[in-house]
Amino acid sequence: MSEETIDGGVSPQGYVDLGYAKPDTQREERTGVAEVIYGAGKTADQIAGIVGALRGAGQERVLITRLDADKASEVQGLLANRDAEEFEYRDTPRIAIVGGLPEPDGDAYVCIACAGTSDLPVAEEAAVTAEMLGSRTVRLYDVGVAGIHRLLSHADDIAGASSVVAVAGMEGALASVVGGMAKCPVIAVPTSVGYGASLGGIAALLSMLNSCASGVSVVNIDNGFGAGYQAALIDHACKRAAERRG
Amino acid sequence: MSEETIDGGVSPQGYVDLGYAKPDTQREERTGVAEVIYGAGKTADQIAGIVGALRGAGQERVLITRLDADKASEVQGLLANRDAEEFEYRDTPRIAIVGGLPEPDGDAYVCIACAGTSDLPVAEEAAVTAEMLGSRTVRLYDVGVAGIHRLLSHADDIAGASSVVAVAGMEGALASVVGGMAKCPVIAVPTSVGYGASLGGIAALLSMLNSCASGVSVVNIDNGFGAGYQAALIDHACKRAAERRG
Amino acid sequence: MSEETIDGGVSPQGYVDLGYAKPDTQREERTGVAEVIYGAGKTADQIAGIVGALRGAGQERVLITRLDADKASEVQGLLANRDAEEFEYRDTPRIAIVGGLPEPDGDAYVCIACAGTSDLPVAEEAAVTAEMLGSRTVRLYDVGVAGIHRLLSHADDIAGASSVVAVAGMEGALASVVGGMAKCPVIAVPTSVGYGASLGGIAALLSMLNSCASGVSVVNIDNGFGAGYQAALIDHACKRAAERRG
Amino acid sequence: MSEETIDGGVSPQGYVDLGYAKPDTQREERTGVAEVIYGAGKTADQIAGIVGALRGAGQERVLITRLDADKASEVQGLLANRDAEEFEYRDTPRIAIVGGLPEPDGDAYVCIACAGTSDLPVAEEAAVTAEMLGSRTVRLYDVGVAGIHRLLSHADDIAGASSVVAVAGMEGALASVVGGMAKCPVIAVPTSVGYGASLGGIAALLSMLNSCASGVSVVNIDNGFGAGYQAALIDHACKRAAERRG
Amino acid sequence: MSEETIDGGVSPQGYVDLGYAKPDTQREERTGVAEVIYGAGKTADQIAGIVGALRGAGQERVLITRLDADKASEVQGLLANRDAEEFEYRDTPRIAIVGGLPEPDGDAYVCIACAGTSDLPVAEEAAVTAEMLGSRTVRLYDVGVAGIHRLLSHADDIAGASSVVAVAGMEGALASVVGGMAKCPVIAVPTSVGYGASLGGIAALLSMLNSCASGVSVVNIDNGFGAGYQAALIDHACKRAAERRG
Amino acid sequence: MSEETIDGGVSPQGYVDLGYAKPDTQREERTGVAEVIYGAGKTADQIAGIVGALRGAGQERVLITRLDADKASEVQGLLANRDAEEFEYRDTPRIAIVGGLPEPDGDAYVCIACAGTSDLPVAEEAAVTAEMLGSRTVRLYDVGVAGIHRLLSHADDIAGASSVVAVAGMEGALASVVGGMAKCPVIAVPTSVGYGASLGGIAALLSMLNSCASGVSVVNIDNGFGAGYQAALIDHACKRAAERRG
Amino acid sequence: MSEETIDGGVSPQGYVDLGYAKPDTQREERTGVAEVIYGAGKTADQIAGIVGALRGAGQERVLITRLDADKASEVQGLLANRDAEEFEYRDTPRIAIVGGLPEPDGDAYVCIACAGTSDLPVAEEAAVTAEMLGSRTVRLYDVGVAGIHRLLSHADDIAGASSVVAVAGMEGALASVVGGMAKCPVIAVPTSVGYGASLGGIAALLSMLNSCASGVSVVNIDNGFGAGYQAALIDHACKRAAERRG
Amino acid sequence: MSEETIDGGVSPQGYVDLGYAKPDTQREERTGVAEVIYGAGKTADQIAGIVGALRGAGQERVLITRLDADKASEVQGLLANRDAEEFEYRDTPRIAIVGGLPEPDGDAYVCIACAGTSDLPVAEEAAVTAEMLGSRTVRLYDVGVAGIHRLLSHADDIAGASSVVAVAGMEGALASVVGGMAKCPVIAVPTSVGYGASLGGIAALLSMLNSCASGVSVVNIDNGFGAGYQAALIDHACKRAAERRG
């Protein structure tokens, strides 16, 4: 570490320097969303340390993604009292929340649609992330295009959303069909569901990038977090617009 | 060439040896479909030589695929009288036909659907090939999933076909949606229509191979010929079944 | 879930909404084949729930693919009495059948050929799927092209089939050789058998997509199910043709 | 074409059937944005035909993308009088506009940032598309990260936008840096600017999909159109939110 | 250039230093085969300079590969008298020979088999290279596996060869079938013949690397030269063995 | 299985039909080398069954490759007495031999060179295979190009060989350097040794396919067996040549 | 452009804003090397504008890379008098220099080695770039490993350099061999020289990234500029070290 | 092994021949850095043998990379007394050191920057390697571009370094931003941190190869060793330059 680092102290530069990490305490002010912890590839000690630093710096809620159940228990055991008490773990999306979910704000909602039952973990990661950032959500699960009547019977849910997160593996066709039905931005999430030429989700990713429907953008494979995050940013933009008008 | 080759003569082994090519005069008997000429990478001289050999060996109709307009003229100029007279060239699918198309046989039909206007050359290659092999065809063009009502309004055409050839570039989602609507085999043809991450048709190819609909098989990128050919083979199988019953 | 969903009830839209899944009860009517369960990535609970919903909606037979032996036991334990009694598991293709195989109908048959002993699981998945959908089958195993006399000695089996499913890993050359021998459609299944530059089956997949023989279409790597399914659809088309004629 | 097609007539199903194309006259009602023409792979005749059909069906403005200058002249020559008069072509983004750009609506703006001078055509495609759909735009060109002070000096433009379109080739790092500075969604557009291991834009595409900043989604390589389109959809969502509030 | 280089002089280190090239005058002694010139990416001036240097250093015959017809004329015009007189150009394999082909030595022969007419340029490059290095050749052209009787009727040519060069594009199955028939090494040459998923010859390359037949090795796509070269090295090894015995 | 199969009997067509396998009893006569068993993906039962069939049909020696130690014990336990006694297992190359290695025949030798210690398993697979087919071998291990004096000090071993098998992972440069030193064919074996951008051996494979040295051909990644096999075929060709002369 | 931009003026933020470009006038101070112009994808007008801005801001020398001869003439015609006079174009590396090359400073030198004659354009780009940044150079051309004595005879040139730039296409083995001989950093430049499985330089790139020699780092395919640049930075570091000592 | 090998003896050719390995005892003299052991794919016995041979040949310090903790214990147990005593293992970088780290020499330092906490193992491998070769180091950890103020607050550490090692996974943007800030060479290390479209580090690798900043070269994915090694070689070059001047 360079010499001017004060271990564990809140640096005036807008981050805490823990040596192994520099949690960004300026992020909420800068981007409207507080620092989130990506759990993969970090030890339980490191995660607990970062949670402590963020909460110590005044952050109300902390989201930890990509955390398996065993490491979650370990992290919880390492946290300070109040943090440990407010620690909640959800199995399907492999997410931990410290400080609880906020109340959704406003009447807009993000619609989370997924093609098959195997896509649920990713869809739930998107849904919980959006909720953590203040959005209301509506879930449409197992509405893949092989039985397109299932999707068409929910046309109103899609038409009324502020954004749609479309989650699908295999050929990822859901995104294009939804894209042709929606008035709002569609954020497509390819999943690694499939085998062989699905190439771990590359097939769905390429499919979504080449969507013949126009309002579709794409995040990384299995990145439910990123899609839920951007959906919430759209809600934030809408709220700012409404406030300017209101 | 090995010594036992008799130049240009019909070998008793079931092919004509032209040195640069050995047209297969046994193919119709073996597979039910006479030899077809793949025009790319052959000179006009070679193509004309092969046409001559096949017609000389008694083949009634010859199909030449992947032939550009200039080479087609050159080939026509090199053919013997009767062959030149019966030579017909079609621009969109870049196909030449010597000996004319046969009358379709029976009331079954192959449905050729394509996603966009840019897919027409491939769709037409499929249609003409199927017609050359005796099938009746119904064409549904520009029915991509971004405006899915266009496809749904033709549900009867799909329901009644003996097979559907689904032609699409970009994300190739058409194949999955059709696959969920059809009773018959769907043969999917990815096209190279698109740019960037379409990777020259690889995106559509992978998409179709990973279709969440079950009755979909796939041929090479832009291989309208192969799809039309297999669709006709299905018709041939149906005819044999009907004849056994009849 | 959107509000109009009635949990577990048969929706008039043609599916049952279980929250985590929406089994398609309209599929048989629409496509001629009832809903099939893809077992990978679903929990035993979810699978048992879907089986129950389909059987409850009147579906006679249910096929579950990609199910390992342990999860199969677990599923069986969760099923209702009659469903559990009629549950049968097959190790090699990792398939479960609820409600038994139907009697094959008619004298046509699907020929399932595979290149090597290591390809058996995929070949059996194709064979059992086709049988489940009502087709008769003939199996030709370990007939790879390195000893081509093994294949040639079965030329009659290939010539007489309504379709051939050609299963091969490594270089996948079997499909092309069979394609040059057959009168009927050849559905090629690349397998992940091989190592190094086989790239998990991509080499065989590309090989089959580029087959120099004309009547060959391809399904995903290791997708015996998809090939058996399409072979059965061809048989269905033949039966419809024969019935129209008869 | 299937029999029920009335050539050139407005079908009650919500499209015009031109045989080679079925322009979607229901799109504006369904998605809030009228049909756009993708010019690549279509002949001038086809493009002119589609423009005519859309304008005939009452569409006020038509955008044609991926149109080179020569084909643009040809199209203009083929159009009916009023359409030809209102036809405008822009060289850099290779876009034609029929019917003029609308006045931007509201005080929100889309910020279009690009990394280098060679990215201008894509950035301009995004900007004009967003303007065509009613958005106001602010352009920040040549602000790549190798001289990051150029970007940092425009922090206010980024902070105030409703969305940022970040356009970059080579390593595409601009998207991540902008993502760390913005409160709003960032739509990243990889470009094919670069050589060698840029793989025609794949390097930038992968980079953007893996952005360590959270609010970034991605469109296809060189797809300025798609990014501008989604940026405008976000503005539309904001307007709807403001109207609900207002 | 480093200072100790004597421009154009024969360096005692076993090469001539021309600045832009250092032709290897020691190669024949070291490897049994004299220096060959790869014509692609060199100017006519450079090629002529290297020919002059090699001939000046006593090399009897010079082979130039990958030389198009126009550059060949230009090179010939730049050569010294005797070299220009002994310069011969062959169109199909795009090869130039200075000093003529040697008489084949011994009764062994290399069998060059290719799958289709479009593979001829590569097959001829292999054949002429082998002949240039002293081998006798037998050509079997257009013996692809879609009509396998054509290949089987030449089983004796394959059985009697010292090595077989198997040239094929598309799926490259020829190599495996030949590999199952031959007693000798098979050198497989994938070609770029094909389209779409042939990926410029990658499909055939992977296919050949994964051959289920055991005695098959592979060279680069379209590298007829390399295959002919190695076939000749096998003949050289056989000659040395025979001489040791004789 | 098709009906004409006689289970376990030696079919007059030149193979034994075991249902799950058809061991090729005609291979030695046809190719000069008896059937070899690829152990991966076969059960111990299947392997033992094939060994029994081959030995029962008179094959003296059987080689089993890609066999891990546990399965080897299991196979040995399942073999008939004499076969089990003559069963020998080698750990490094994961090979089993039934019936012992033959005496090498003649004074020629195959030189097996490998770049690093981690390449030993593949190099030993090549060496034992060549020995099993009657070749004499010389091993040069850990002679990678980073310390090229190690290789240069063995120049005589390379110069005197009938062929060189060059085994290397990482960048695979050994093949090119050996190719520039050898008079005989070089068979290059890329290995999966490496990490990251070695892509499981693809880097070494591509490197070897693009060797700037001319007499180099390549086998699949980690395919020591294939390289040893082809090296032995070259020795066989040399012996036949010497016998013709002698 | 955002409103605060003063067209063409030197902004106090350390760049000139030309609208289409923001040349970085702070770069020399920050990185020790003044702004360089990447010529590809820029119009002659744009290039001339940037040259003018940089020279106007006091930059003595300007390097323009990837500039073809025709555009170079055009640029020269558009420059102001003094700039046009000091404009020099070099064909092989396709580089233009405005303001001349500086005198090399110090006795250190960069050694530029390339494998073959076809690699000269890239090698020269590296050499001229290093010279432009003040380095002395020694060129070793056509020293590929197929005739390794050519390289070994220049061992002293390599041993004495401050860094070696190793330029090679095809399999790129030169980098590893040089890496095993050098005391200094080796900067490897893969080139697109080759065909087929060279994949436009990817084979050489992967090879160099996996070098078994330890002191090798790599730049993009054909990026002679980047390698020369980094070689010069090493010289700069050495000079600073010497000055601190001196 | 070829016959002239004396097992375990120090060969006069500059290496020790252990049969399974030929440790290079000439490397320090030739390259300035003694032989290093790559631990992956070697047995503990082999590693201990090589350590013994190198120390026996007089090498003071031995570095072993890619060694997991269990194998490290095993190696230590197999070493001779003095070697075992001087054996030290570090968990994070998975490195063992025999003979201790040297004192850093001079006042220059290598700056090691990494983007995130998950990159620490690779960053530490780089740091320890550089220290082992005599360099002083400064570590900047978790300074990724999503919170760029963390990096900018360390601008002086970067400005003063002799080289910067920039370690990052995901999109690897750190290298470009650092490249735009540094006066010295930047050696970029992509890591395999990430998921989905990070493709095991390929995304970061491509990103770094395409850096828009000029002084950046790249090593293999996760190759901290290679980067630390080259950084130290730059320090060595600086020391030689200073000594020449001093």
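All chains are identified by letter, namely A, B, C, D, E, F, G and H, in their written order; residue positions are counted from 1 within each chain.
Note that a contact is a pair of C-beta atoms (placed from the backbone, for glycine too) under 8 Å apart; a residue touches a chain by one contact, two chains touch by 3 or more.
Chain identities (UniProt): A, B, C, D, E, F, G, H = Nickel pincer cofactor biosynthesis protein LarB.
Just so you know, these numbers come straight off a predicted model, no measurement behind them.
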Option in B-C, D-G or A-B whose residue-number contact pairs overlap F-G by over half: A-B
Selected pair, greater C-beta contact count between D-H and D-G: D-H
Intercentroid distance (Cα basis), chain G paired with chain E, Å: 36
Gap in Å, rounded to a whole number, between the CA centres of chain F and chain D: 58
Gap in Å, rounded to a whole number, between the CA centres of chain F and chain A: 51
Touching two or more other chains - residues of chain H: 116, 146-147, 180-181, 196-198, 202, 205, 209-210, 214, 220
All pairs of touching chains, each written as two labels joined by a dash: A-B, A-C, A-D, A-H, B-C, B-D, B-E, C-E, C-F, D-G, D-H, E-F, E-G, F-G, F-H, G-H
Residue ranges of chain B in contact with chain A within the complex: 115-116, 144-148, 170-173, 175-177, 179-181, 194, 196-199, 202-204, 206-214
Chain B partner contacts - residues on chain D that touch it in the complex: 1-2, 11, 13-15, 18-22, 24, 26-27, 38, 40-42, 46, 50, 66, 190, 192, 200-202, 205, 220-223
Of all residues in chain G, those that touch chain H in their complex: 30-33, 36, 106-108, 162-163, 180-185, 187, 205, 209-210, 214-220, 225-227, 229-230, 233-234, 236-246
Of chain G, residues touching chain E in the complex: 116-118, 120, 138-143, 146-147, 149-150, 153-154, 157, 193, 195-198
